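Taking it in order: structure first as structure tokens, then the write-up.
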Amino acid sequence: MRKTDRKVLLDSQGIERVLSRLTHEIIERNRGAENIVLVGVCSGGVPLSQAIREKIREIEGVEVPAGFVDITLYRDDLSKTVFQPQLKRTEIPFSIDERKVVLVDDVLFTGRTIRAAMDALIDLGRPRAIQLAVLIDRGHRELPIRADYVGRNVPTSWEETVDVRVEGDRSQWCVELNQIVSPKGE
Amino acid sequence: MLLIKGGRVIDPANGRDEIGSVVVDGDTISAFLPAGSEPSNFEGQVIDATGKWVVPGLVDMHVHLRDPGFEWKEDIRTGTAAAIAGGFTSVVCMANTNPVNDLPDVTRGILDRTREAGSADVFPVAAVTRGLEGKEMVNFSEMAAAGAIAFSDDGKPIENALMMRRALEYAKGFDYLILAHSEDHALCENGAANEGDTALRLGIPGIPAEAEEVAIARDILLAKLTGGRLHLQHISTKMGVGLLRMAKRMGLRVTGESAPHYFALTDAAIEGYDTNAKMNPPLRGEEDRLAIIEGLADGTIDAIATDHAPHEDYVKRCEFISAANGIIGLQTALPLTLALVREGKLSPAQLVSLLSANPAAILRLAGKGALSQGADADVTVVDPDAEWNFTSDEVLSKSKNSPFLGCKMKGRAALVLRAGRVAYSKMTGVSVDA
Amino acid sequence: MEWRRRHVLGLSDFSPEEMEFVIDTARSMEEVLTRDIKKVPALRGKTVVNLFFESSTRTRTSFEIAGKRLSADVVNFTSSSSSTTKGETLLDTARNIESMKPNVLVVRHSASGAARFLSQHVGCSVINAGDGANEHPSQGLLDLYTILKAKGKIAGLKIAIVGDILHSRVVGSDLHSLGRMGAKLWLCGPATMVPKALEKTGARVTWNMREAVKDADVVMMLRIQSERTKSPWFPSIREYSRNFGLNRALFSLAKDDAIIMHPGPINRGVELSDELADCASSVVLDQVASGVAVRMALLYLLAGGSHAAH
């Protein structure tokens, strides 16, 4: 698989702006941050949820609990993979019972990941509500799932990939749209 | 009349190793003709053996034909067909059949079936003890009269030393030979492979070399005590060779054999739990393998015998410790021994002694093991350089349990004459006599 | 790294990276075990058959719980037929089970190489749950995991393993798992059961318990089988315990923070004195907990995937 036609959707400053807006929306919708917990979906959602947590602290002066969830064991396509995907860690070191859980992921696509993440959360406790925050919504939903907070709506085709680079130094973060070009016969 | 012309005639019983021709008249050898003295107008079939060895028909003194009782593994027809293809015109079959060859009728049955369907001569060995149970001796002279040529409980040791003593002593009175499967059962315990690094690593219970050596030592001492004639079967260990060497130095009437797998393989062959490398005694270590070769070279070991032990697939296709012991060997003995000649370990004459002259002499098989005038016209023409693959298609036995399957072989029987008739031929223009 | 194995037959060909990968997966599994709902849907619709030709309630239960935690259907097939009893061959039994389309066969058998043999003749994945005196890979991995949790590392630790080394499949796997990760292994027990030839594996052999335990970081006691007095490998349980049982005085020779391990079941008062079996240094129960996580990891890594599907 080769990728060409690299197009930057968001640079680091753009991501910061979007995250700030998302944070404000979250605080506004929940009338503060008192009862909120953040759960990032591995891997891309984890640094994003950390960034939102920092912004909440800056705005509200509140330290909200944050954890992350690995949805691999809840995937609905495990039987279809040739070899099992590597497991990452789930770490939610607090009770989510009766809390408002804001699930954070980088890209909302078919909705299957979020379905799996919700199953995982419900195995962990009984939240009062689950809300979804995503950096990019690229469409093509296969399940009746909708995000509560969307950073950017990006209409895409199946031949495109949305690559979110949110690891390490935040000044290097970016989101790219790439075209998949499959050589003949692949 | 038949003339085998121009080959290297190797006949150690007659001290001969030279280019020449062998003349066959009917079912006996009539003459050896030195090179250049062949008649120009020979009346009869002429076989050109130029570039090949002409040797007395090979004699395998240790074969399990599985007949009667285990005919799905092998029978006299298929076993002797494999023998002939391997260059053996005479095979000696062990008594661990069903029923055990401990009654004259069983011996006679074997000989009857050989006359009907055998393509090689079969010489039955009778059991030493009834049912191989180590308790009562068989009727030695009655068995001999029926056609048994020696006595052995092979497959099992005679555990009771007193029984072994009595058998050797009693047999001595008639000058019969006892073939000993020397093994201390208690020391083997539940072992399934040579006690060594490989078995330790694979977690397979081991059989120490000493389980064989303790028993060999006992049997040699009993031969000393009784003066009986003892032949040690399938020697596989260094000390076993050493004990036989000692017995010979002491002037005891003791001989011994080993099998090709003990000088061609080590216990490394069981890697991966290969049940086709499982036999009893087990494949040993490299030191033992080299000692066997040394024993063959210096004449300590008298004979190479295959211990041909056919087993159907399913008793080998199972967990290692449960798998049956033994491998087929009739078609691979000659090329495996020829490898020792190529390596300079054995002379061609030694090969012929080990595979023909010596076993015939030990067993006193009249007319076998030599190309003397008047001897049986059993002749094996060996092509020492023929290259071939030992594939399962080549196997003439009913069973295909061999660790050598798929191996490249060098050397084989090109033509085999049994009682003056062409019984096997790989030579162009020479067909098998109907 | 990417997991490429279809079977887990032994650790003899496992690289340190692969062992770490399994342990890493087991860590994720262990998190699942801390939840109120200790079950995830990863292996929904998959079938795991425990094919046990030797009774081993512990190992079988551990695999059974591991499978169920992952939502697999777990079926137990226990056959008492030893290798010597005539009847259905091992292969026939396995093929019968295979016809019922399991995804993973977990095999325990008294014959070394039995699991490897089956893996060559069935289409599904095979996990060796102990074959004769050869290997018990999940035990080797759980021992590794348990020590890692207690000590944070393996390399450089002095680990004494005491008991019937010769017949121990646990040692067969531990020699690979712990040995390959850089532990200094000491093997100890009656000379009949601890052949000097084992030093070729890189381990040290001693028949002196004090030498084995001195300054050890880990003392692993193996279960002694009373049947072994019949062969005879040693005179009596009493005599065995006198020389190779671990008690407070002997254990005081080990490092202050040394831990005690035992694959279970413990013969109290034989391998381990009663007080040591329950002392703070004992990680025996942690081994059991680690065992479930490691077996979940192995089942997850093997049972998924189209390569195992029928």
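What to note about this one:
By letter and in written order, the chains are A, B and C; residue numbering begins at 1 in each of them.
Going forward, contacts are C-beta pairs under 8 Å (C-beta built on N, C-alpha and C of every residue); 3 or more make two chains touch, one makes a residue touch a chain.
Given the structure is predicted, the values throughout are model-derived calculations rather than measurements.
Once chain C is excluded from the assembly, the chains that remain, linked only through touching, form the groups A | B. Every chain gets a centre from its CA atoms, and the centre nearest the mean of all protein CA atoms is that of C.
Using CA-based centroids throughout, the chain positioned farthest away from chain C is B.
Chain A and chain B, compared by their mean Cα positions, are separated by 77 Å. Computed centre separation for the pair chain A/chain C is 40 angstrom, with centres defined by C-alpha atoms. Centre to centre, using the average C-alpha position, chain B and chain C are separated by 46 Å. Shared contact sites, meaning residues of chain B that touch two or more other chains, are absent.
Residues of chain C in contact with two or more other chains: none.
Taken in their complex, chain C has these residues touching chain A: 2-4, 21, 24-25, 27-29, 31-32, 35-37, 39-43, 45-46, 70, 297, 300-301, 304-307, 309.
Within the complex, the chain A residues that touch chain C are 70, 72-75, 78-84, 86-91, 119-120, 123-125.
Across the interface of their complex, chain B is touched by residues 12, 83-84, 89-91, 109, 111-114, 116-117, 121, 131-135, 166, 169, 172, 195, 197-198, 200, 231 of chain C.
Those residues of chain B that touch chain C in the complex are listed here as 189, 196-197, 200-205, 272-273, 314, 317-322.
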